[in-house]
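To keep things simple, chains are lettered A, B and C as they appear, and every chain counts its residues starting from 1.
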Amino acid sequence: MDLGINVFEMVIYLVGFIAFAAANAAYLVWVERKGAAHIQRRTGPKEVGPYGLLQPLADGAKLMSKQFIIPAGVDRPLFILAPILTMVPAIMIFVTIPFSETILARDFNIGLLMILAFASVNVLALLMGGWASRNKYAVISAARVVSQNIAYEIPMLIIVITIVLISGSMNLTEIVAGQAGGILHWNLLPTNGNFLGPITFIIFFICSLAETNRAPFDLGEAESELIAGFHTEYSSMGFGLFFMGEYANIVIAAALTTILFLGGWYSPLPESIPYAGASSVVWFLVKMYLLIWLVVLIRWTYPRVTLWSLLNLSWKILIPFSLFNLLASAGLVKLLG
Amino acid sequence: MSSQPLSQNQERFELNLGPQHPATHGVLRVKLLMDGEYIVDAEPVLGYIHRMHELMGENRSWAQYLPNMGRLDYLSALSYNLGYVELVEKMAGIEVPERAEYIRVITTEMNRISSHLLWFGAFVLDLGGFTPLLYAFDDREQILDLLEAVTGSRLTYCYYLFGGCYNDVEDDFLSGCLAFVKRLRTRLPMYHNLVTKNVILRQRLEGVGPVSAEMCRKYGATGPVLRGSGINYDLRKNEPYSIYPELDFDVPVYPEGDSMARFMVRMDEMEQCLRIIEQAIAKIPEGPVMAEKVPKMIKPAAGDYYHAVEAARGTFAIRAVSDGANQAYRMKLRSPTFSNLSLFQEASRGMLLADGLAFMGSLDLVIPEIDR
Amino acid sequence: MAGYFTNILGGAKSLVVGLSITQRQFFKKPITLQYPWESLEMTPRYRGHIQLIKNAESGTHQCISCGMCEKSCPSDCITIKGEKQEGVKGKVLVKYELDFTKCSLCGQCIANCKPGAIEFSREYNLASTRKEDFHYDLLKRLKEQK
């Protein structure tokens, strides 16, 4: 391929994905606020633009016009770096996510590995932010975030290994391609070799909630205990970036779940059915946004878990189940082989 | 878990919880000595909202002290109103017409439900669940609307007068109350499904913050805290006042002593309140709502008087010493959550921070009442 | 071991029930009132600041300047002044000032007013940056009332 075209394409994709990530982050805030409001029988934002659709822009303008306060005695470089470090890896990850057969910036052989690697940088950013803030609540929060993420990376990785075992590749496009041909071929169901099927999907989903620090695993920012956790001392866009980073990570988690379990851009119906059976980016987005809605709904339904029950859940339930599933699926793959 | 031995060699640090902190719901400050996430010691620091209510009682006439009652426990103001007017009626020997007694009980119980609903929402909020708060507010709003139509205020009521009530109630109010009883009966199962049965909530509450009956006695804890520790003590039954002896209701008691027990006591109490309201509305007689002869200047005979009522959070008692003048010589208010908070220091040792805050929420603190 | 699995199942069920409740509430209509656009009518007994009652026939108030309201007020918010005037029986009210910043809306003044000359108003949209704005001259207010 000609190098010139390649670079041009890259730039287009990069700009496109940054825009996509930012728009998603902004509008997920709107979805969350509107959703929470209606769950609670309120109306939510409705004054700025029709249905409050311009609210994210107003919020952004407000955040940007505020002063970025750096409290006395904080670790300046880390304090400034932390919010940037939550946002950058999130955008990097978007590069590897295939939204359909054609909408894909870079087809990596080890795309899955790269996503997981970059996703863990987020924890580092939160730790840095909490540590640099010189606030006891923020430090407690940072410690919580780290132990929580370590505990949940294990079952998550075990399940990812299972999926890799089934599809025989770390390339996201190939993982999706292995699920072509309707819902029966998705990794969601044992028919494709994933022994515990839906249970692994739930485990992965729980882990991604914990990894993105979403309720009920939002121990890091538990507002009734730690005020705002690691971002207590952040104002202006420093806070804004943490906030956007959180939503960007949710989008990534939902996209990854869609790719690994829900057959990516493939329709749940067999391909022989016209229109509804065709694979397209629409299916991908539908699945992804349904998952995101579930994430929002969960946040507004459950109380927060404590650190111990969170670790108990991981070590006593999720890890045994996922380990068992790894072994059983290995056998099943051999059988189906 | 929470009884794990605290390591000695790790560095301990102090953490100031409040006076501005989302979980204290007011200006309470708790000085925490922490070992990691464990609470080594917790010392509540009071006084941020002290308004000298007791002294105010000593330099104004009996009637002028009435509005102060709504400002103590602003969430169940009517119980406090009731306690005070009953005390003065006892002192001055004023007879209250029966209809007024019924109105008092109905409105007080409505107020008790609204207080418990608010606690329920705020407590779940402490645990990180936001939505139940707004559902509870939806129901509470109905109560406030009903009470506003009668008392003219929504929060700091000043509705009872010596010898009766400020005004009569209409049939609209009574039928509105009955409609509310019906409504809440359908809502409570929803709350139980959404909150009580939720596995995360159960994990956070069951076995957390055990308070023994012994500890309750030691610190004088009353109300749902005491009843959640297995002691059946409710002034409405034990030292009956007003028309409570004529009404049939149960006192919910849970022996476990943990946060879940306190939670359940309050949830069940709401159901009992509904029963009381229903019966009182069925029995309410016609007649005047003010006693015929209430002296303009109340001058009780010199002496030492005491009266206690069961407020939403426990025993609210007033001791007033009169020297025969139009105002009290000494006024002492005994508020329930002051005692309930006192046991926090002992009970919270060795708890996780998150559990400690859940425990604090289960005590149902109202700060202006602790700091009178 | 059986307990382990029933615990997980029971827990999972409670979580699903919770989600279904919130999802159902999501589809219901909001119950909030959109305040600046709509507002509630205050109930007849709503306690706003006090005001003199205008008698429809005489077009004036019924205060006899007895001063009971002033005396009974726990917060000393009422200041009245009555004057003897030629040809009029009793005293004539010349000043009725209310300092609403201190009023606790207790109703003592109204309960103690023999002729029933004062009542609670239904004003609730009160806001100002100066506390003097809440020092009302009730006689002036009475005149301005239709």
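What we mean here is this: a contact is a pair of C-beta atoms (placed from the backbone, for glycine too) under 8 Å apart; a residue touches a chain by one contact, two chains touch by 3 or more.
Bear in mind that the values here come from a model prediction, so they are computed numbers and not experimental data.
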Interface with more contacting C-beta pairs, comparing A-C to A-B: A-B
Most central chain, judged by mean C-alpha position against the global CA mean: B
Relative to chain B, chain with the most remote C-alpha centre: A
Cα-centroid distance, chain B relative to chain C, in whole angstrom: 24
Geometric centre distance via CA averages, chain C-chain A, whole Å: 50
Length of the line joining the C-alpha centres of chain A and chain B, rounded to whole Å: 44
Junction residues of chain B - those touching two or more other chains: 131, 135, 138, 194, 198, 200
Touching two or more other chains - residues of chain C: 15, 18, 21-22, 25, 31
Residues within chain A bordering two or more other chains: 39-42, 300-302
Interfacial residue positions of chain A with respect to chain B in the complex: 36, 39-42, 136-137, 140, 143-144, 215-216, 218-219, 222-225, 227, 300-309
Of chain B, residues touching chain C in the complex: 60, 63-68, 71, 131, 135, 138, 148-153, 156, 158, 161, 166-167, 190, 193-194, 197-200, 296
Interfacial residue positions of chain B with respect to chain A in the complex: 1, 13, 15, 21-23, 36-37, 124-131, 134-135, 138, 194-195, 198, 200-201, 203-204, 352-355, 357
Chain A contact footprint on chain C (complex, rising order): 8, 15, 18-19, 21-23, 25-32, 34
Residue ranges of chain C in contact with chain B within the complex: 10-12, 14-15, 17-18, 21-22, 25, 31, 43-47, 72-75, 104-108, 111-112, 120
